[in-house]
C-alpha cells in the first residue's frame, strides 16, 4: 500500500556501487589476451573466432545494459543499432570505403544517429509502451532492409574483405581477435568511465525515480536520450565488428528475436552490473555452442534454462554473489518470509 | 516594502472539461512565507506544478523576478531558483540519505554530462549533502536506506532534497500531511527557520500551522484566488469561512448532540 | 581415406523446420540404404540446425570447417543462408552439395568449382510453370510474391517463358497471414490464371484462403512444386484440390530407386515424401557415386570434382546431369492435386513440361 | 471499385476482429494482472494445434472448436497457478524474459508432439461457400462472415462482462490495486486464474477459428503476436475499448492500406517506383501508425488507468 | 471473551526488520476505539497484520472469537472487517457508483443494511458524482467514498487509518460528524488519527502504541486523568 515499499520489494538491481576493481579488470584483460595463444597451442583455432564473437556480443549486450540496466529503458529494439552498424560497414564497403578508421566510426555514427531519432520519439513513452515502440522501430528497419534490393534484400550484404587498417591484415582470425579485443577494450573503458561518472550516477538515479530527479533540476529527457544514443552507438560498434567477423550482414540481425537474445544475455548476466552484459554473452554463447551441437532441441533446453534463471536468480548471475553474501550476513534471523513473498499481490 | 519575487498572471490550466486553474493571479513577495489554502481539488497542487514547470499552463504568464518563465523547462527553473517538494513523498527509496542528498547537490553544481570524472572522490558533493542533512535533522541517519526510514524522516528528507538545491523560492506541498503532532511541530520550526534565506509558498490543510507560520495567506477556490491577505484578515473573511474553514459554531453543536 | 565426414547443416527449428527435416531424413535414409557407407567408406553425418538464421549458419560453417573438418557439406534449405555460408566453404575448398538452395548468383557469374546443386536452380520451377501456362494458352495472368528480391526474381523467372499479358503483379508483406485483400484484388483484375511464389506458411495461408474464396474454381492456381508438395497438401486438406504445380520429381515416378525411396521413407517417418526428401536422398546418392568412382580418394580434390561433374549417379528422379555451372540439366513435370478414391488428396503426375532444361544463368558461368 | 473497397472493408473488419480476439486476452492479462505475456501467441498456437488434433479425431469442426477452447483454458489456468502467479510479482523485465523462454519451450514441445509440418483444420461444410451480399456484385465468404459475427459477439460480451458485471468491476479493481481489492473481500487469486484462463480461451477461439484459414504450424504465434501487441499499445493497454478500436484500426489500415497505397502512389510517382515503394510502405504501415499514435498520445488512444 | 477484535502479543515486521514486538489491542462490540502513536510506531503495520497482508511471526489475532492470523486477506474481509486505508486507495478506473456497488454485501447480517441510497443520504456529494471516475474526485470526496465503500460491506468493525490526512478543515469536520453518528448508531469503529481533540469527542476507548508495543490503554476518563500520557507518547 505504501508506494515506497513496492520499490523495496522488486529484485535488487545494483545501485551506485558495483563497479569492478582494477585488479579484476587487469586479470580479465590478461586472460583474454592469452586466450587465443592457448587455443592455438591446443590446436583449436576454431575457438579463436568463437572468442571474437563472444567479445563482440559482450560489447553489444553491455551497450544494451547501459540503456536497460543503468538507465531503466527496456529497449526491445537494440537489434536495429546492431544492424545499423553492420549495414553501415557493408554499404560503405560496397562503395569502396574499406579503411577501418573511416568505416567503423561512420557505422557507429549511423547507429548513434538512428538511436537519436528513435530515442527522441520513444523516450516520450514509458513502460510497456517504450518496449513496444522500440520494437516497432526495429521492425521498420527490418522491413526496409528486406525490401530494398540495394541492401541485398533478404540475402543481405556480403563483405568481400574485412575493414583495412594500415600495416595489419585482419584476414587472419588471430589478428582480427586482437583487433576486436583492442576495440572492445576501449569501448569497455569508456563504458566504465560513463557509469562511474556523475552522468552514470544521475542515470541510475533517474531509473530509480524520474520525477524526483526532474524536480531537483536534472534535464531528465536529455540525460536519458544521451544514454540511449551512447548505448545505440556502442551497439553499432558491435554491429560493425560483427559484420567484419561474419563477412557480411543480413536482415536477420534486425529481427526482434535478435533484440530478445541481446536482452536475454543482459539478464542472464545481470542487468545494471558492469560485468552483466559480458558474463551474460559469454554464458549464452558457450551454452549455445555446447548444447546445440548435441541436440536439435536446443531451444527447449534454452527455454527451460531461462525460466530457471528468472525464477531462481531474477537478476542474473552477477547478483548471485551479492545474494550469497547477503544470506551469510543475515542467517535466517527472522522467522518471517522474505519481503518479496509476503505481499503476494 | 520588499519587492515581488513571483507573479502569476491570469494563469489557466484545463484538464479536458475541467478548469483546474482558472485565471489565477498571485503575487509572492521576497522573503515571505506565503500560505496557499483552499478546499480539496481547488487546484493548489496543479498550480504548484505549473510554477515548477511540471505542467504547462494553457494560457497566462508566470514571472520570476520579473523574468517570464512560463515556458521554461523544470531544470532551468531549478537553476533559476524555484524548487518544489511533493505532497506524496517522492524520493529514491533504495538509496541512502547521503546518496539522495548528494544527487541534489550534484544537480545544482552541474556537470551531469561530465562523463569522465568518477564520483567517489568528490568531497564537495558530500559537504553539500551533510549541510542539507544537518538543517533537516538527518545527519545521524546519513547511511540509512531511505525506504526504511519512518514517514516523518522521509518528509524531512523530502524537504532536505529541495534545500540541497539552494532554492530562492521553495514550494512546499503539504509538508505536514501524515506527520504526528510532534513531528508537525518540528517541521513547523524547520519551516520557520527557512524563512531567513528563502521565500516559501506553503500549501497546507493544518490551519494551526498555517496561521502560526504564514506572513500572508491566499485562498484558492475552484482554480482562482478568492482572497489574499494577512492570516488575521483571512481567518475572518466570511467568504473563506463558508468555502473552506467552516463555521466553528455549527461543528461544535453537531458533535455535542 | 577410409572414412569421411559429411556436414549436414539444415533448418530444423523455426517455421521452416519441416523442409530441413525432410532433407535430413531423405539423406539419412539413403545412407541407411547404403549400409552406413557412402562410396564404400564409412561415413559420419554431422547434423546441425541453422535455425534459419544466417548468423548461426555462419558459426556452424566455421565449426564444420575448422573443428570437425568435414569433407563434404550439404543440407541448406534457404538461399539467403546459402549465400551467407558459401564463401567460407569455397575458401576452405570444402565441397558443397546443395540439396535445395539454388541461388542464381552461384549459377551464374559467381559459380564455383566446389559448389554443386542436385535440386534445381531457384528459377527453374517458375520457368517451367511459365512455359506450361503459356502453352495452355492463358492470356492474362496475375502473380503474387512477397516483397523482397527473391520474390521479384521468381516472377521474372516465370515471365521468361510466359509472354502474355500480366493482369496484376502483387507484392505482399513478408510473412503475411491474411490475403483476403490480395484475393479480392486479383478477382477485380479479371485474370484468367494466377501464379504464386509464396514459400512456407505464406503459401499455405494463401492457398487455403484462395480456395475458400471460391476463386480456385474460376481462376486456376499455378504454383512452384514446393507450394504444392505433400506437406502443404497435408496442411491445406481437401481445399487443395485442383492446384497445379511444377517439379523435377513426382512421387509415382517409375524407377526402382524412387519406389524403394518412397516406400521406405513412408515406413520410417510416417510421412509422404516431399521434393525436399527426394533431394536429400539424391544428394547422398550423388556423393556415393562420386566417392565410389574415385575409389574413396576424396583427398584428391581435382579428381573428386571431376567425378562429381561426370559420374552417372542413380536418383529418384531418373536421369539428370550437371551443366557447366554444376546445376542439373533435367526434365520438369506438371503435377495436380487431386482427390483420391479414399477422399484424401495428393499430387498426381500430369505430364512433362520441359525436357532437359538448363537454367538461364549457366552462360554467365566461366568455370 | 466501390464494391472492391466495400469488400476490402469487410476484410479489414474481419482481420481486425481476429486481432481483437488475441488483443483482448493480451490486454486483459496485462491490464488486470500487470503481466507482459509474450507467450500469449503460444497459447494461440496451442489452441490451434489442439483444435487440429480434435478435428482429426472427430472430423467435425464445432466440437473440435469447443474442446480446444476448454482444453486451452485449462492449460492457461494451470500455467497461471504454476508459473504466472510467481512472475506477476516480478519486474517487467523478468516477465519478458520468462515468457520469451515459454515461447521457445512451447514451440519445441509442439514440434516434438505434432511434428514440424503444418496441420489442417477443415472448414464446416455449410460455411464453405460465399454469401451473396449484393446480387451479382458483392460476394463474401460465409466463413469469414462467421468470424466477423463471432468477433462482434465476443467484443460485446467482453464489454458487458468488464463494464457491466460485478466480476468486471472486481477485475478492474484488481487491476488498479489488487491489495486493496483483497482488503475489500475480493478473492484475487481465483479471479486472476479466471482472467488468465479467459485470455487463453480467447486465444484458442482465435486459433481454432483461424485454423481453416491459416497454416496451423509451429511459430504461428509469433507472427501474430507483434500485431496483437501493436493493437493494444495503440488502443491503450488494459482498455477493452482501446483493444477493439485498435484492432479495427490496424485491420482496416493494413488491409485497405495495402490496396490503396500502391494505387495512390501511382498517381504521384512513376509506376515502377510505386510498385517497389507501395508494398514496402504497406508492410511498415502498422508500425508507423503505432509510432505516430504514441508520438501524440504516449499512453495510447484510450488509456485505461488514471 | 466478547471482544470483537483482539490482538495478543503480536510480533511482525518487514523482511529482517521487526516492527511489532508483542502488540496488544482490543475492540469491543459497539464501541469507538482509537490507536494513538507517533509516526512509524507500527499503527499501519498492525492493521496490515490484522488484514493478513503481513504474516504474524508470533502472537494471536482474533475476530469474532475466531483466529484470523494466517487467513487470507479476502477471507478476513468477508468475515466483516472493513478498512478505510491510509491514502484512500480509491479504484481510479471504477465510477463512484461502481466503487460503492462492487463490494456491497451484508457481512454483519444487519437488519437495516447500508445501501447505495443510505450512503448517498449520508454523503450527498457522492450522489452528485455518481458517474465520475474514482480519480476525478478531490481528496475530500475520495475520503468520503472510501468510507462509503467500507460501509457498503456492512462490517462488524470499521477501521479508519488517518482518514483526515490532507483533508480541508470543512470536510474534516464533516467526517468527524459522520463518525459520531455512526458510533451512535451502534457501529464499532477503530480510528487512527492525529486530531486528538476530535478523537476524544468521538471515541470511548484509547490505546497507545510505541515501538511496536501497547504501553497503555483505557477509556476516556482514564486518559483525561493522565495528561502526561500525551506528552510521553505523542510529544504534545
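The first chain written gets the first letter, and so on, giving A, B, C, D and E; residue counts start at 1 in each chain.
Assume a contact is a pair of C-beta atoms (placed from the backbone, for glycine too) under 8 Å apart; a residue touches a chain by one contact, two chains touch by 3 or more.
Chain-to-protein mapping (UniProt): A, D = Branched-chain amino acid ABC transporter permease; B, E = ABC transporter ATP-binding protein.
Predicted model only: the values in this text are computed from it and were never measured.
K.L.:
Note down the smallest number of touching-chain steps it takes to go from chain A to chain C.
P.N.:
Counted as steps through touching chains, the separation is 1.
K.L.:
Using C-alpha centroids, which chain lies at the maximum separation from chain D?
P.N.:
B
K.L.:
Which pair, B-E or A-D, has more C-beta contacts?
P.N.:
Comparing B-E with A-D, the pair joined by more C-beta contacts is A-D.
K.L.:
Using C-alpha centres only, name the chain that sits farthest from chain A.
P.N.:
Ranked by distance of C-alpha centres from chain A, the top chain is E.
K.L.:
If you average the CA atoms of chain C and of chain E, how many Å lie between those two points?
P.N.:
Result: the chain centres lie 75 Å from each other.
K.L.:
Approximately how many whole Å separate the CA-defined centres of chain A and chain D?
P.N.:
Measuring from centre to centre gives 31 Å for this pair.
K.L.:
How many angstrom lie between the centres of chain C and chain D, each centre taken as the mean Cα position?
P.N.:
34
K.L.:
Between chain D and chain E, what distance separates the C-alpha centroids? Give it in angstrom.
P.N.:
44
K.L.:
Quick one: which residues in chain D touch 2 or more of the other chains?
P.N.:
Answer for chain D, listing residues that touch two or more other chains: 107-108, 179-180, 188, 279-280, 283.
K.L.:
Quick check on chain B: which residues sit in contact with 2+ other chains?
P.N.:
Residues 148 of chain B touch two or more partner chains.
K.L.:
Residues of chain A touching 2+ other chains?
P.N.:
1, 5, 8, 143, 147, 299, 343
K.L.:
In their complex, what parts of chain A are in touch with chain D?
P.N.:
Touch list, chain A to chain D: 1, 9-11, 68, 74, 76, 121-122, 124-129, 131-133, 135-137, 139-140, 143-144, 147-148, 256, 260, 263-264, 267, 271, 297, 299-300, 302-307, 309-311, 314, 340, 343-345.
K.L.:
Using the touch rule from the top, collect the residues of chain A that touch chain C in their complex.
P.N.:
44-46, 49-50, 53, 143, 146-147, 149, 152-156, 158, 246-248, 250, 252-253, 289, 292-293, 296, 298-299
K.L.:
For the complex, which residues does chain D have touching chain C?
P.N.:
On the chain D side, the touching residues are 4, 7-8, 11-12, 14-15, 18, 107-108, 111, 115-123, 128-130, 139, 141, 143-144, 212-220, 223-224, 255-256, 258-259, 275, 278-280, 282-283.
K.L.:
Provide the residue numbers of chain C that touch chain D in the complex, in ascending order.
P.N.:
Of all residues in chain C, those touching chain D are 12-15, 17-18, 21, 147, 169, 171-175, 177-178, 180-182, 184-185, 188, 201, 204-205, 208-209, 212-214, 231-232, 234-239, 271.
K.L.:
Can you check the complex and tell me which residues of chain D touch chain A?
P.N.:
30, 36, 83, 86-94, 96-98, 100-105, 107-109, 112, 178-180, 188, 226, 229-230, 233, 237, 276, 279-280, 283-284, 287-288, 290-291, 294-295, 298-300
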